[in-house]
Amino acid sequence: MILDKTVNVVANEALGNGNFLLTFAEETIAGEMLPGQFFMVGMPGSGILLRRPFSVCGLPGTFDDSPGDSLQVLYKVMGQGTQVLSGLGTGAALTVLGPLGNGFTVPGPEVTPVFVAGGIGSAPYPALTRACAAAGCPDPVMFYGARSAADLPLLDWFDDHCGELHTATEDGSAGEQGLVTGPLLRWLEGRDPTTYELIACGPDPMLHAIRNIAVPAGLRCQLSLEAHMACGFGVCIGCVVPTHGEDGAVDYTRICVDGPVLPAEKLAW
Amino acid sequence: MILDKTVNVVANEALGNGNFLLTFAEETIAGEMLPGQFFMVGMPGSGILLRRPFSVCGLPGTFDDSPGDSLQVLYKVMGQGTQVLSGLGTGAALTVLGPLGNGFTVPGPEVTPVFVAGGIGSAPYPALTRACAAAGCPDPVMFYGARSAADLPLLDWFDDHCGELHTATEDGSAGEQGLVTGPLLRWLEGRDPTTYELIACGPDPMLHAIRNIAVPAGLRCQLSLEAHMACGFGVCIGCVVPTHGEDGAVDYTRICVDGPVLPAEKLAW
Amino acid sequence: MVTPDLTTSVAGIDFKNPILTASGTFGYGLEFTDFLDLNRLGGLVTKGLSAKPRKGNPPARVVETPAGMLNAIGLQNIGVPVFLEEKLPKLRAYDTKVIANVFGATEVAYVEACEMLGEAEGVAGIELNVSCPNTEEGGMIFGTDPAALGHVIRICREATKLPLIVKLSPNVTDIQLMARCARDAGADAISLVNTFVGMAIDVERRRPVLANVCGGLSGPAIRPLAVWMTWQVHQAVEIPIIGIGGIMNARDVVEFLLAGASAVQVGTASFVTPSASANIVTELEDWLSERKITSVRELIGGLELPPRG
Amino acid sequence: MVTPDLTTSVAGIDFKNPILTASGTFGYGLEFTDFLDLNRLGGLVTKGLSAKPRKGNPPARVVETPAGMLNAIGLQNIGVPVFLEEKLPKLRAYDTKVIANVFGATEVAYVEACEMLGEAEGVAGIELNVSCPNTEEGGMIFGTDPAALGHVIRICREATKLPLIVKLSPNVTDIQLMARCARDAGADAISLVNTFVGMAIDVERRRPVLANVCGGLSGPAIRPLAVWMTWQVHQAVEIPIIGIGGIMNARDVVEFLLAGASAVQVGTASFVTPSASANIVTELEDWLSERKITSVRELIGGLELPPRG
């Protein structure tokens, strides 16, 4: 059941370079939410009309030092909405609609989750990391890329909680210089595809690259997609992505209800 | 010179029933501002497009306990803009354009200022009271009316600083029951019109009543008017009031530059 | 305190209150059962239905603009047959009026859709979308050319016995002319407005944000324009009007009622707050009670004009 | 870093940058000297001028709406003669282009105003307001009827040697048709949009907020509609365009430039922030520098359409 709640900001921590970790508490939503699902977050009194979609980053228990029923959103200031969000202090009111979308399929117990994150695309991975551990998966291997070092929020957390952490930055300020697909391709080389599953979240060009690696090679691969959303719960049909339909023709699939996580091979991009 | 400044809220004190006293500091504006002049106040990030006009209530020195260069606005929550304003805490940013308008003409040293205020129309009187005292006027006589007792903000201040204070409320919860014109008419009866000057600020029906008392009797009378304003500095020509033109026909006079204070006899309402 | 009478009627349809939901912003209604009790609504208007299902436009399809949003969904829908088979039976369980919003790429397609709906049990009326600005075939020509408008209404009028509400496009010079055309062609009521054509540009990529280039503007931004057109149409024709455009709360509803609407539709607000339409019913009831207004009908067309001086 | 070239030209007038101020939102320019250096502006357009002074509409004349405002000033102005005598001499001291916005209640009055302006030193061009929705005589008929539009432009064209910019009303079904009419009748350039007709109702008093009943909607709310119309006109005619509608910052300016405008006008923004127009010049310069765009002309009409699939 999707709930529409008014919550108050518990914390809104600046992580540098426009990245923020927002914490609020909402027991009922928290109790039903899965990694990879998202909220529509509204900012009353801001003059911003539509709510904005954000993945759940932390579920209760994800971050050691956060209170019991608290939820976290990791976001980056991109435009007007996130600008307003970044200015909110403790106690400010938000409207939160969720849980929304399908969430990730947690790989089986013998399967290593291979996370690929581009910048703020790392947002859903903390909650997912915990779920993978709970499901008995091997420790995740994470490939984390961004424009520069300042755009790798929560890097230390991932370092502590992933089995391997490979970083790449376009300007070389952290990890390998270049795109995250570089170290990923080397890692994949010669490895048995039944032992791992790719999971990617990040900007569209990165997702395209991952899809182009995974699909021809027949690798299992979940992609977490983004789209402009008006409603977030399936009624505006605004958030579609082209997919392979049953009849072979292109279908338009709503990211907000049939996604945001879709198998790479479904996409007709 | 009109200045456009960004200031931070120093205090935003709730006085009950939606009345608030807002304090901010702006030395240059404070140094040039006169009682009866007003500001256009903008609320950045609120989604409200136009600024809102508010009279200056307190100038430096008006309120004993306020810091040196601080300015006060007394306002009542009426709609969306004042609603947003009332939610702002210390440190919140406002844009302030001022000083605007002409302000009151302080009566001569032998002339008793007779203030008539309807509800939040009391806003400009604290600053004016100080200016009258500085000009050597006799202590002002104040007639202060409102719907009910809760809508007589700063009543204690006026009690301390006016020579006489007559109150009237429509529901009889404070002072005399009825309109403020009741006690005013009794006070005026038989008095020499050269010894006092009427000054009124409040809702339109009250100003009409005062005008209808003052003009036929040839009393000196300044009215502080309101209008929907887009700019506040004379260019939109939105804030006009009909006045008697030189040719006998009706003119439209801009309240923001030729007012907000106009002699009662000028109005062609 | 007496509970105010909220009932109203449009095109011979009796609504328990004047709050309907607008086409394309409320899905097929059933998507909202998590958020509100459909029984609270005066009525609901379905997503625009065509005789055959449609896939719509490529993404991006929506973008926010100041106090509004542009959409270019391209009338993606499940088609009348699937609606009748899968959605309508479930909707019949609710005590609210279901209006089917219908469009076609051609006159024939309009007639086909109307005929398919027949006198389907549970469909209280048809709203003809002659005004969608999103696709070449979406009816733009019907909505902005008086002759074409008249003709498509006439043939639909013949194709169905259901009450016929014609939804006008605001993208015209003379909305009164279009309203008179619609009335003369047999419309039982007029609803307005559909969206205004607009465009947003991604200045970094130097491209339209929407794949369709242009889209339809909805939301509070258009409310003053929609209220004006409602008032204009109220003065031009005597058939009832459903007011639409940027309604977010009870105050906004009253604006449309005073301007001459007998009912309203809540659109974009349902995206912002899924329970908006039902919330507005409650708010409207309170608004009337507080003012001791005993019936919503007192407000319809109740605008008083200032004396001309 | 190289300073980008901001110069542009419209109707044969060379502007130092594409930022002008919109008629009716910048007075006669001189009111703004407290707030900005007029020399910073590409140009300024005067409040609408008629041959004789006008008193305008009774109040209330303005009201805020979501992300916009309605105005019904009724074209109150000092008249061309007083403008020439009192304002123009002072404006000549500034290095910016002054455009006189002109209207008349009748064709004769239009011609009269144009002739009075003659070739007044310091007036760089005339902008014909054929689109004011506020008064019966304000030109509504010229702005929405193609034949009347063509005729009034033709006679004004004969009455003045100054460059002629025709400001179109957006309250039409087919803006491309109006643009072609204006071009054919001899307009050197087109500016658009003027305000959209709208209404706000005081629900407590059951009256229109504005004494004039309706007013013109301006501000960010209309920007997507204005950008779309600019793009439409850019595709219909080859004469230059000045884009207007809801511009608040440099990004908004770029939207209009990409859609085909060679310059823009800043309107309502000047009420919100008196220095807005000059601030936007600075912002635009920075915007271009940051992106290493060497000339503003690179952007004009630079919108790329997605491949049609």
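All chains are identified by letter, namely A, B, C and D, in their written order; residue positions are counted from 1 within each chain.
Rule of thumb we're sticking to: contacts are C-beta pairs under 8 Å (C-beta built on N, C-alpha and C of every residue); 3 or more make two chains touch, one makes a residue touch a chain.
Quick caveat: nothing in here was measured; it's all calculated off a predicted structure.
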Give me the chains shared as neighbours by chain C and chain D.
none
Where chain B and chain D are represented by their mean Cα positions, the distance between them in whole Å:
36
Inter-centroid spacing, chain C versus chain B (mean Cα positions, whole Å):
46
So which stretches of chain C touch two or more other chains?
58, 67-68, 219-220
Shared-interface residues of chain A (touching two or more other chains) are 47-48
Chain contact topology (line, ring, star, complete or other)
ring
Output every touching chain pair, sorted by label.
A-B, A-C, B-D, C-D
For chain C, which residues are in contact with chain D within the complex?
58, 65-68, 70, 144, 171-174, 196-201, 203, 205-208, 211, 213-214, 217, 219-225, 227-228, 231, 246, 251, 254-255, 258-259, 299, 302-306, 309
Help me check something: in the complex, which residues belonging to chain B touch chain A?
45-48, 84, 87
Under the definition above, what is the set of chain C residues touching chain A in their complex?
24-27, 31-32, 34-35, 47, 55-56, 58-64, 67-69, 71, 73, 76, 209, 219-220, 268, 270-275
Considering only the defined contacts, which chain A positions touch chain C in the complex?
1-2, 4, 42, 47-51, 95, 97, 227-231, 233-242, 250-252
